[in-house]
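First the structure, then my questions, so here it is.
Per-chain residue numbering starts at 1, and chain names A, B, C, D and E are given in the order in which the chains are listed.
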Amino acid sequence: MRVTFKRDWIHSWLLLLPAMVFLFAFTHIPAVTTFINSFYSTPRGRRPAKFIGLENYERLWDDPVFWKVMFNNLWFALGTIPLSIALSIAMALWVNDKLAGRSLVRMAYFTPTVLPLIAVANIWLFFYTPGFGLFDQVFGALFGWSSTNWLGDPATALNAVIVVTVWKEAGFFMIFYLAALQAIPVSLVEAARIEGASRWTIFWRITFPLLMPTTLFVSINAVINSFRLVDHIFILTDGGPDNASSLLLFYIYEVAFRFWETGYAATLTVALLLLLSALAIGQFFFFDRKVHYK
Amino acid sequence: MSWSGPTLDRVLNTAAAWTLALLWILPLAYAIWTAFHPAAYEARFVLTAPLTMDNFAKAWSAAPFARYFLNTFVLVSLILAGQFFLCTLAAYAFARFEFPGRSLLFSLVLLQLLVMPDILIVENYKTMRLLDLVDTIPAIALPYLASGFGIFLLRQTFMTIPKELDEAARIEGASFLGVLWRVYIPLAKPTYLAYGLVSVSHHWNNFLWPLIVTNSVDTRPVTVGLSIFSAIDSGVEWSVINAATLMTSGPLLIAFLLFQRQFVQSFMRAGIK
Amino acid sequence: MSDPLTGAHAGKAIRLENVSKLFGESRAVDDVSIEIPAGSFTVLLGPSGCGKSTTLRMIAGLEGTDEGRIFIGGDDVTGKPSSKRDISMVFQSYALFPHLSVAENIIFGLRVRKVDARERREKLARVADLLGLSELLERKPAQLSGGQQQRVALGRAIIGEKPVCLMDEPLSNLDAKLRHEMRVELRGLQQRLGFTMVYVTHDQVEAITMADQVVLLNAGRAEQAATPRDLYERPATPFAARFIGTPPMNLIPMSAIEPLQDMPTGLLLGVRPEALCLADDGGLSGTVRSVEYLGADTLADCEVSGSLFQVRLPGSRSVSTGEALRFTASTADLHVFDRLSGGRRDDLIPEIGSRLRPQ
Amino acid sequence: VDLQFYFPVAVGGKAADTIQALTDEYVAANPDVKIDAVYAGSYQDTVAKAITASRGGNPPQLSVILSVDMFTLIDEDLIQPFDNYLTTDEDKAWVDGFYPAFMENSQTGGKTYGIPFQRSTPVLYWNKEAFKEAGLDPEVAPATWDEMVEFGKKLTKKDADGKVSQWGVRIPSSGFPYWLFQGLAIENSATLANAEGNKTNFDDPKVVEALQYLVDLSTKHEVMAPGIIEWGATPKAFFEGQTAMMWTSTGNLTNVRDNAPFDFGVAMLPSKETRGAPTGGGNFYLFKGASDEQNKAAVEFVQWITAPAQSAKWTIATGYVAPRAETWETETMKAYTADFAPALIARDQLAFAKAELSTYQNQRVTGIFNDALASVITGKKDAATALKEAQAQADGILSEYR
Amino acid sequence: MSDPLTGAHAGKAIRLENVSKLFGESRAVDDVSIEIPAGSFTVLLGPSGCGKSTTLRMIAGLEGTDEGRIFIGGDDVTGKPSSKRDISMVFQSYALFPHLSVAENIIFGLRVRKVDARERREKLARVADLLGLSELLERKPAQLSGGQQQRVALGRAIIGEKPVCLMDEPLSNLDAKLRHEMRVELRGLQQRLGFTMVYVTHDQVEAITMADQVVLLNAGRAEQAATPRDLYERPATPFAARFIGTPPMNLIPMSAIEPLQDMPTGLLLGVRPEALCLADDGGLSGTVRSVEYLGADTLADCEVSGSLFQVRLPGSRSVSTGEALRFTASTADLHVFDRLSGGRRDDLIPEIGSRLRPQ
């Protein structure tokens, strides 16, 4: 057996080699460079980078915009993740059921995944525009509401962005739930029905727990996305008003590619990575007790 | 779940499903409306509005879209092929072999889920420069080829494939790559399909990195052409933007429409009997 | 005795009246009427695809009926959902909830019906005790062997003390030894608790050893409903005759048997392999074509003027292919069927018996 | 000689075509020069691309980038002054031929770093039909702040519930609110930043007053929609009759002419102490790292493309303000302005125009200022406090450049 | 005949020398040595968990050996990967490739070995013909019944004409009828084609009806290797005695049987239920405690002075609980085991036989 073992080792290393080369070249090495840069000042033309220890981190600690953006991002995550997951489960359940016009509905749910976010952001911009925008027209006609400046009011700007994000993500997650639902044996649901359980009970006591592994996967993805999806912010609000709708990655982008403070941007990136890893690991621990693996 | 007539419950569910579907398709519907009507009807929805193709003509002439389409197509194919290749090999190793360093390497792969290539633009540009690949399609593709998401997804799928199938193939004389090629890959088809769709739609729509790393019409994807219409000094021209949007994401939408049945069904058939 | 699980819940009778079920064009169940007495152990038996599961699922309310009506305890339940029929069911795959512990699986129905915690605990303890699951209550189904899973499914079905319990091939995933044990256990449980059992199987050994009444289904229709002994000793149709008994009954057209060639056409003579005894002379004579050694018994296929008869001999009697054998059967062990009508022709048996008697 | 040249597009697809056409024309006439004109996205994308490429060791020779990014580019040590290649008297005269308002953003420390190219300035558009309806003279735009309020009140249409169907005026404030606000500041004789780009005057009482006026338009006078007003949707709002007047870039002239379903007028921004407006838009920059030969060829190309014939084509195609007086004297331009008089307003306003806010670490400093403006516009802070805080932060950043 | 599938590929002998396999601490296979003659049908039999599959998988090379060596056709294959051992195998779950058609499944190995298309076609046609699969070649495995899937797996195993074929409980997923048919078919095929078959099962009926040689495993060790008849008639150990035969042999401590109480201690008397005959007087007398009706037979559990004897009676003989029975057995049907050494004590049989004879 020892012989075959060795052979397996070499095989697996060879199999992994190509992927690892690419991962190292385009993810890990740049990431390490970024980490190192976070301890240096930003090089500017005539002044080369110099080692400044934790200065960038001190600045980060004192940066009110960072904290604001951080808070925004938490709110954004809280707003998008549960909502998009709940919606995607509902969508998957509907589309999995015998529903009139099922394929049309499925198609509708899935369109946001296919449309480019930059283009779609312009459409949402129109929906949100006060006065002649679609929402104002519709709400005005239906409820007689006066015009609302969804994107221009700090109180609603971030929520408006959340709506777009949920719209974009739910259909994508639906696909994973759909696949998971297919894998649940029908007899489990039947057994529960025989025991007298209502649809609601069946969902909460059977279906939902059995979807847990998918929920774990989806929610990790959702967490990562909640820190990654910023394309639409450029067009919808540009982070405004007064950073009310700015998110961490958007801020990093601003610092790196508008302010050109690469040292500080690296520091922010490190903070983001730490946060994401903590969240991902935390999720694993949190879910691990509740997830039933086959 | 077959039995039971049209209960209130069912009616409510159907209604809710449809309402949500309508909301979800609204942006697309709006894009179609504006793209086929003159700009004056961007915010006015009257059935008598005249139809026009001008917006498409205008959008089409604003950039060499034909060439951009070709580039995007090449780019997306390249990324997809590369991802399938790299991720398949890596996922196979993680799913079916025991070897030293396995969990360390796997966590390095998962790390890629967290570190988005978008933040590493400057570093990656330097690398491309070093490799003398600036302004080539491969330069756009390279950072995305080894996808943590892809490896993870395929590994999960491979692990669900019964071990006996692997053994049966080995008994029949297949080598370890033969087993991968003849058993694992065909059985993971639904996953490839799903992942392929996600990957294509993501890279079809990617913008910033392609813009920065390319310079010429010969290498640029459609999104760069599309961006001419957004972020404009002169105010948003929805009809042209939406015509361009439909034009650029049209192929994807049509592909999904055509394949959606197959796509969803193969998901359903994923369970192996 | 204060044990409410012992005989406390009386079974209810079940009646199917001309029930049919269509899947598209094909009639999976075709005009079936069955009477299932309260407290009986009734087995639905038949070959694969004959509609056993469909019938059972209609009784459970998991499948709607296309024609006919179903009564449980006198109430017409035809349109009622499963959850209102007051039944329990054990599935072939057990359908245990993989994310719940054994205990939670068993008390699932009690929880749904909001039975209070103390009562749940008490009943659980009793059921677990009864089924020998007390040690396993905290485990997940995946950590149990097949037989243990089976018991959990059983526990879930009996804890609610429903008057009717339905089972769809509950033993088919178990190995032979375990199957035998569970048969005894199931039967004992049903007799002790007194509920009405409707049990689906395609295994005639199960049917014969457990049932009070066997309903034999064939291609969507009820072929015969009788006690196991009746079914074995007086099968109503050629199908029933061949389906019950291993090895199956020899069923030979009379035209192929020399002494019977002048009988009316279209008649079949039936005789079981174990009813044939070796004779020194007289009876039928044949040549052994193949032999199967089974330890306790030996099965010999003998050719008698072109037709094959299977004969069961004691395992110790060694026979070899090519050997000539003579055998006979007592008149009481003969069966005669009319191929056209599909019915028995008991009136002809004495005549035929006498013709086969050694002259 | 090979040249690579990045350009942004901010006014729709036609601009890219025109630049490409002009470049082709030049290359055809000068076979020894090869110019690779690279469309580089928005202004934002272009500067990102140029800096990324430079840091990656692959700078373009020439790029059109916002005039306000001059200090940033100097700070990054990416650009060089044109002066090295503009040695003859003729060349010096050529530099002087640009409108001084545009040159304010293009020169510092006595050196010329930017050559104005796609430049614009904000103007006031008004809806003549709406004026008529409100009983105003459709041919007369408001000339002062007070008049604007007064007209605005007449033009604002409210129903019984207080729902407004037409506002008086619209000064967009999304994304880069400082630009149009700077118009108000200049009119109030305030200067937001010094010419060296290392000192701002955000807390100048005149700036505070100007900001208060902007806020009052919504809160006190109720002639403008409250909150942040979207820039991109502004022309559409104007066309839809949502507002009777709007402030926006001259870059919109063509768009408004093509799409407004009513008669409209274009006027200079109204005055307070003086007329005034900021300039805006992009300059040519000459990047470091190229050979002498390339630099020379680049400068020649810039001279050619800003020459009257080319400049006129560019202006007519895009609506940008031709940056040299002589361009306006060409027959083509004359014919164009005769046909479309509003095009002249922007040029005339240049006499009162001042440099757009620009400092070292420009995006960060204007970012701070934008945030301050947004917080006041949305009612989170009062003008004086917000501006004071912004000034303090800007000082913190700029002190090292003094 | 030109059919290369008929007898063309001679089997190879297999030898296991002191083979052991450890999983962590536990010895799943413990110092097993087996000789499997070329061309024989050898069955590895034993209860669940005794190490049958592990042994087979070591022969296949799917599992490494921890100790000992394995030879196929005289070559030491201990370190070789499966793909180099020139064997074929049929799995319990069949392991058909769900994405390939029946035809593609069968010729999978030929494709891997790059056999040319014409030859593939020819062989496929012959195998399909042999197994009655010709009509099904285009179907996917999921569209086949269990028995058909079984045949496809078989086809895949035999098309390569490998000298050795391994099977791990290939029939356990089939129903009783089909299992019987497939037994006959499998045995016929092996005899016709002549390869060496190693067949794993826990079902003694399968072992007895099919094998040339049965290797009985118990807890990782080889208990007995013999022909089926020897195993049935002369089981070497009490374990073998109880494991072979249904219902199992009665095995009673002699101390519990009155006429034998003065025999040496630690002896067990064995007698099979079918070897006990009813006697009018003499022999042992007992009371019926429970009855199981099986159609052809009836099993009665009789209590004889505290010990339970199971007796097989003809189905037609109806007995009821409480009835008193007398029965006896011929000396040839008696078995005696020493509980301590675990071996037979044939020397004692005449003595015991005479004591049990009706006095």
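Following the convention adopted for this analysis, contacts are C-beta pairs under 8 Å (C-beta built on N, C-alpha and C of every residue); 3 or more make two chains touch, one makes a residue touch a chain.
Molecules present, by chain and UniProt name: A = Sugar ABC transporter permease; B = Carbohydrate ABC transporter permease; C, E = ABC transporter ATP-binding protein.
Small disclaimer: the values here were computed from a predicted structure and weren't measured.
A.B. asks: State which chains count as neighbours of chain B and simultaneously of chain D.
C.D. replies: Of all the chains present, those in contact with both chain B and chain D are A.
A.B. asks: More C-beta pairs touching across which pair, A-B or A-D?
C.D. replies: Most contacts of the two pairs: A-B.
A.B. asks: Which chain's centre, taken as the mean of its Cα atoms, is farthest from the centre of chain C?
C.D. replies: D
A.B. asks: Taking each chain's centre as its mean C-alpha position, how far apart are chain A and chain C in Å?
C.D. replies: Distance between chain centres: 56 Å.
A.B. asks: Compute the distance, rounded to whole Å, between the mean C-alpha positions of chain A and chain E.
C.D. replies: Here the centre of chain E sits 58 Å away from the centre of chain A.
A.B. asks: Taking each chain's centre as the mean position of its Cα atoms, how many Å separate chain C from chain E?
C.D. replies: Centre separation, chain C to chain E: 27 Å.
A.B. asks: Where does chain B touch two or more other chains at once, residue-wise?
C.D. replies: Answer for chain B, listing residues that touch two or more other chains: 2, 42-43, 121-122, 227, 230-231, 236, 238.
A.B. asks: Check each residue of chain E and list the ones that touch at least two other chains.
C.D. replies: Counting only residues that touch two or more other chains, chain E contributes 81.
A.B. asks: If I count partner chains per residue in chain D, which residues reach a count of at least 2?
C.D. replies: 44, 48, 52, 232-233, 236, 240
A.B. asks: Which stretch or stretches of chain C touch chain E in the complex?
C.D. replies: Answer in residue numbers: 48, 172, 175-177, 202-205, 208-209, 228-229, 232, 244-246, 272-274, 292-297, 312, 314-316, 333.
A.B. asks: Can you list the residues on chain B that touch chain A in the complex?
C.D. replies: 1-2, 9, 13-14, 16-18, 20-28, 30-31, 42-43, 85-87, 89-90, 92-94, 97-100, 102, 105, 108-124, 127, 142-143, 145-146, 148, 151, 176, 190, 194, 198, 201, 204-205, 207, 223, 226-227, 230-231, 236, 238, 241-242, 244-245, 248-249, 252-253, 256-257, 260-261, 264, 267-268, 270-271
A.B. asks: If you look only at chain D, which of its residues touch chain A in the complex?
C.D. replies: The contact residues of chain D facing chain A are 44, 48, 51-52, 72, 74-78, 161-164, 173-175, 225-230, 232-233, 236-237, 240, 242, 361, 363-364, 367, 370-372, 374-375, 377-378, 380.
A.B. asks: Would you tell me which residues of chain E are touching chain B in their complex?
C.D. replies: For chain E paired with chain B, touching residues are 60, 62, 81-83, 87-89, 91, 93, 95, 97-100, 108-109, 112-113, 141-142, 156, 160.
A.B. asks: Applying the document's contact rule, which stretches of chain A touch chain C when the two form their complex?
C.D. replies: Chain A residues touching chain C: 185, 187-188, 190-198, 201, 205-206, 209-210, 212, 292, 294.
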